[in-house]
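Chain IDs A, B, C and D follow the sequence of writing; residue 1 opens each chain.
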Amino acid sequence: MDYSILEPLIRESRNQCNEGKVASYIPELSKVSGDLLGITVHEVGKDPVTAGECMPKFTLQSISKVFALLLALIDRGEQQVFEKVGMEPTGDMYNSLMKLEIVTPGKPFNPMINAGAITVTSFIEGDNVNERFERILSFIQKLSGDDSIYYNEKVYHSENHTAHRNRALAHLLKDNGILEGDVEEHLEVYFKQCAIETSCTNLARMGMILANGGKDPETSEQLIPKRYVQIAKTFMITCGMYNASGEFAIEAGIPAKSGVSGGILAVAPNMGIGVIGPALDRKGNSIAGIRLLTRLSEEWDLTIF
Amino acid sequence: MDYSILEPLIRESRNQCNEGKVASYIPELSKVSGDLLGITVHEVGKDPVTAGECMPKFTLQSISKVFALLLALIDRGEQQVFEKVGMEPTGDMYNSLMKLEIVTPGKPFNPMINAGAITVTSFIEGDNVNERFERILSFIQKLSGDDSIYYNEKVYHSENHTAHRNRALAHLLKDNGILEGDVEEHLEVYFKQCAIETSCTNLARMGMILANGGKDPETSEQLIPKRYVQIAKTFMITCGMYNASGEFAIEAGIPAKSGVSGGILAVAPNMGIGVIGPALDRKGNSIAGIRLLTRLSEEWDLTIF
Amino acid sequence: MDYSILEPLIRESRNQCNEGKVASYIPELSKVSGDLLGITVHEVGKDPVTAGECMPKFTLQSISKVFALLLALIDRGEQQVFEKVGMEPTGDMYNSLMKLEIVTPGKPFNPMINAGAITVTSFIEGDNVNERFERILSFIQKLSGDDSIYYNEKVYHSENHTAHRNRALAHLLKDNGILEGDVEEHLEVYFKQCAIETSCTNLARMGMILANGGKDPETSEQLIPKRYVQIAKTFMITCGMYNASGEFAIEAGIPAKSGVSGGILAVAPNMGIGVIGPALDRKGNSIAGIRLLTRLSEEWDLTIF
Amino acid sequence: MDYSILEPLIRESRNQCNEGKVASYIPELSKVSGDLLGITVHEVGKDPVTAGECMPKFTLQSISKVFALLLALIDRGEQQVFEKVGMEPTGDMYNSLMKLEIVTPGKPFNPMINAGAITVTSFIEGDNVNERFERILSFIQKLSGDDSIYYNEKVYHSENHTAHRNRALAHLLKDNGILEGDVEEHLEVYFKQCAIETSCTNLARMGMILANGGKDPETSEQLIPKRYVQIAKTFMITCGMYNASGEFAIEAGIPAKSGVSGGILAVAPNMGIGVIGPALDRKGNSIAGIRLLTRLSEEWDLTIF
């Protein structure tokens, strides 16, 4: 790949930052600068390449849903997971309650909306909250090859205190017979998983593992069964970018998952990509990050379609 | 009034009991016999008359919403209450979340649906949960002239442990900026208020006070401002019988409020009526109780229309 | 009644006109002046009294739904009408399609929303469109004692050409098995009925007949069975003022039906009232008309609650 | 590819037929036998291979939406088409009206649901209904290399007389300012396009052209711009299989579009596939056809993920 285009594409895309806004719904998130934009590209078998200004660390937020899903599939298998979580996009906001009320049997439509992600997290095995969270954390450390990854306590507490909507979703899931056990325990694991901090380089490496079918190219270890990687990539295309997933699939054609911190994990053919750009569009995606990935897909012909 | 028709009407209406079902969603409620039916009629200035089998005591459940509303209006006034709770029927189930999500600004449509009732209860003044609950209890004791009224702890605990849907509603209200303060505290007051136990005679006397414009005919004390009584009666017509309120208004034409215990409080011209019949129809109203009140309205011409 | 308060109340209420807007969705309706306000009060057994500026004639629009319902009940009886139209308020806009899609069995919730009114109109008997419309017209002429009443062709054509939403509703009703026969024929009758022109005096007299239980006090002829009048009045309380019906019931407490022309038909105890004030609030009710009726209800204590 | 597995897979998949039902909502469609199952595979540069029992001809129904979209893009360009039709899956039924009412600005979410498809068809250029339909027909004839393709008049008339729901959608689109011009004219073109009859061989060849990026491999003529083919394939993944699209993307991973006749057009890497199996599952997809494509994808590793 011609990496020399990265810096020009970043300059071009960064212009969009001022049309977006840094997330404010979690108070701790609102403190970063909106006009940052950075990217790391990690091709299978090559060294990662970074361009622009990657923040040292940012929280995964919704990007964590991909890894929680993969671990839940490893822990429980497809049948058990998809008994409680569907496979369909919703067309609604990621935090919508409506379909849980009006569509029988009230199970979340997919694992990328909050209701589905909370349910998926409830499937992570472990004897207690700490152990369950540690397993997610270890999984992410292993995929990114970075043992220093940890969660941001301030962001966790900030989210935990303001997450009334997620609490509403979780109690509704409990009422619908989807969520079992203690609601607050599941939410604690979920909020902590969202607060895990990674860098663009971490994201790019995790994406590279997925692009390689779940196998670590250095050790040849199969870290995730290939079938589960395919499932995750499919969800990233159909519901990875909130309710702008369809548009991103048409414009960029790359399986990707965004988070409200402004991060994006993308899994292109034979390469993983990590992007950070905290200014968000109205649907919650990094406005400059989407532009950057779309332009990169055009230049490098990354679409899977 | 010709009270001799009460027993024949009860016999006629009781036949409907086997088409209904005793509420099961609160485990403790499901233990009563479904084929009971009893009524007390209390005309202003007369002695109450009871017919059929009135259970000794049953929990108010949603009937308590009327009295919480009245007390909240006394505590806070119309402006403050209706800033957070609307005046419109919804056409939806009493525990629906949908309009809180899709209708801006996400405030409950009226005080008779659960979301509205929880909000109303949050307005009851008091330094702590106990004091707030005690004030509701005292208000009901005073209106019914019965100091022995208390709440049923088993029903309260039963509801508290299974009320996932109400928790979902409360957290959504918190997220919408409707509910302030601690969600669990408001729910504790609300569940306790629902678990207050009264008899048909209690209900009939409270209804009689409302029929008399809020004034106790024995002491001439104005227990509730007349304007608030009118507000309560209007809500009883437009939303008192869950989403069968419109039908009951057409069939019986009496302001009334039902509870999932099978109780009904009715406020006819110059008289209060208390009914108990635990077998419920699909919308949550006492199936035989509705029949009985409809027939009584025809016989005594009680409609306000 | 003290009629001398009418003019002061009108002056007071007219100030609200500039907060409202004349309806524009039917082009022909948008041509009137917004700051008019007039009223006619017609007590049973007395002469009508008019105050303010009553426009000579205005179209009934949704007010016609009351009379179509009464005639449909006369033609078909309660059972047949309510098999296809419900009795519940919706909480939604008068032209909403949502509940027809998501609530089984897809029948309109009540006869005051457009879907219900179109269905009710389909029940009016007659060999053809003209005959069916003539029967509605005659019924209204008879109730108002005014043979000169006719419909406004320009308004009819204006509505017929722009009524895409009503066409959508009608075809959906056809799909749901609610509407039988030719959709366009039913719509022609419906649009013509909405375009019938009356004066405040006409409305007041028709309201007076309803206030008198359906009997013409001059001839003692029972023009409408009393039971059907009660049904109509109940719907006027629960759903007569679009999705502000609950609020109007609380503020004024009078059965009433508004139209997008700015007219209001009100049925107070022992009197009919006709109001015209073309400036509408956001829910489609005459903004000054609502104020005027609310103040009048306070002054004359007209509430039924 | 090893074509010898086709017959065994068909035998295996055909067992599912009796769990499905032939479409009955268009009377003319209900007359075919439910236990048929046939497939044609057409690899780029090879001869088509057919297995099982392909019906001689069946109507395209919703499969036609793909070709109408492609032609509309050719006629109007991306900007004009996507100004009126979105790019997002809905999670709702293909004939749902709800999002057109509750999501501003009321434009169809994508071109694969009926509302979107009717809008897309309204963009097909031509001086009149016949010319517009002829252009769609010619486009399909050219892509399939079969000049004998025509529409089934009986199916067209059958659909035209019973399509109340589609009429409701079209009038709502008109009201929302999405559909311009005469509603009935657009519907005529749409119903005729749905009634175009093709064979499995036709579908497979059209799919092969799409798999080849829009270029006819025999003549090297670029029949469709590659960009538009990518757009169509993306919609086939995200919304091609009604509201089971997400599941099919996960299970089979092939861009595909189904029709209520039981046909499926699939575009696998380097090959087009046509399937017919009239017995449908509850979401409207060929029940045995889905099974067959899923198994084939496993055997030949056809997933794009």
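By our rule, contacts are C-beta pairs under 8 Å (C-beta built on N, C-alpha and C of every residue); 3 or more make two chains touch, one makes a residue touch a chain.
The UniProt protein names, listed by chain, are A, B, C, D = Glutaminase.
Only a predicted model underlies this, so the values are computations on that prediction, with no experimental measurement involved.
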Query - Distance-maximising chain from chain A - centres being C-alpha averages - result: C
Query raised in the report: How big is the gap, in whole Å, between where the Cα atoms of chain A centre and where those of chain C centre?
Result: 54
Query raised in the report: Per the centroid of Cα atoms for each chain, what is the distance between chain B and chain C, given in Å?
Result: 32
**Report entry** Between chain A and chain B, centroid-to-centroid distance (C-alpha), Å
**Finding:** 47
**Report entry** Shared interface positions of chain B, touching two or more other chains
**Finding:** 102
Report summary line: Pairwise, the chains that touch are A-B, A-D, B-C, C-D
**Report entry** Touch list for chain C against partner chain D, complex
**Finding:** 96-98, 101-102, 164-165, 167-169, 171-172, 174-175, 183
**Report entry** In the complex with chain D, residue positions of chain A that touch it
**Finding:** 86-92, 99, 109-110, 230-231, 233-235, 237-239, 243-247, 249-250, 253, 255, 303-305
